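By written order: A, B, C and D. Residues from 1 in each chain.
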């Protein structure tokens, strides 16, 4: 399992507000019940099998185009750890326990 | 005010666990009471004046070196919006209200 | 066509030198003759069809695991523009012509 | 010395073309002769002392605001290695020699 953060930003949208695109991108995740996810003020964090997550992000990346954007900048950061099961909760707990 | 996400990763640490470095980086933020921040499973999100935030991140970036690392990879993503007051809470609410 | 930058970093290697992993990641690209690419001091920039590029990056991301790493951090930045043909050369020329 | 990549993107511009902003951001670097830099199709890579580089990027980040943008998204990736002198050329050569 991998933990992946993504942010999807349409460029050239006339107004600096892009939350309507972000909300629509999120609806894509309803089709991926096997992916656990969390919205943050800077993006979306997803937990699950990496190929499935990349499939979801690829679909999310299409959403602004389907809604009128002609350029989209998408950032994806993958944290893939295979020596032990890595989850969003476990990562948080590991830091918090040391604070 | 800007909203800034950062993740600070030591490279070449012998083990893949880096939470002890992350926890120590966080302690730096105790010296910056004017910065609001939130830990996520993929990094730290900070809200405040941009120069102050960059000062804090610069100090956080030194922490792994002070603890034995010889290479550090730091990612910083700035979202700076000046047509209205942007906060972490307002960004979240703006998306959630459209879901 | 999209332009995509990626950097693939193993975490918890014994030394801070990761160029041997980077070189092996690059060899994956020999199997993707339809992707144009360019090595930079900070990563690799790829130009081509987005699904093909993500397929290549997914394979590159496996390389450090195949060579002993147990954690890999991969950053992917997609610039996808569909109102005109965007190429690495055209993007560079567009900036340089304005300098 | 550190090697730092940055990309500075105005959000909510009227058109998806942002090269005019990128070109103006670059002019800031004329005031920093101690920083070596390289334009790539996805951003700018800078080499020099980290505090000086962050000072330059902070000024570059202001350029789109000075030219009418009301929201700017800036990505900064720092590669800071202190066990040996790291330069853009040395990093490239280290990978190329292994290909």
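By our rule, a contact is a pair of C-beta atoms (placed from the backbone, for glycine too) under 8 Å apart; a residue touches a chain by one contact, two chains touch by 3 or more.
None of these values were measured; they are calculated from a predicted model.
Comparing each option in B-C, A-B or A-C with B-D by residue number, the pair that reproduces over half of the contacts is A-C.
In terms of the distance between Cα centroids, chain A is separated most widely from D.
Between the CA-based centres of chain A and chain C the separation comes to 19 Å, rounded to the whole angstrom. The mean-CA centres of chain A and chain D are about 25 angstrom from one another, to the nearest whole unit. Centre-to-centre, using mean CA coordinates, chain C is 18 Å away from chain D.
The set of chain C residues touching two or more other chains comprises 11, 16-17, 70-71, 73, 75, 77, 79, 81, 83.
Within the complex, the chain C residues that touch chain A are 11, 50-51, 54, 58, 61, 65, 70-83.
Taken together, the chain D residues at the contact with chain A in this complex read 9, 11-18, 69-71, 73, 75. For chain D in complex with chain C, the residues that touch the partner chain are 3, 5, 7, 16-17, 19-20, 22-24, 26-27, 38-43, 45, 47, 75, 77, 79, 81, 83, 88-89, 91-92, 94-96, 98-99.
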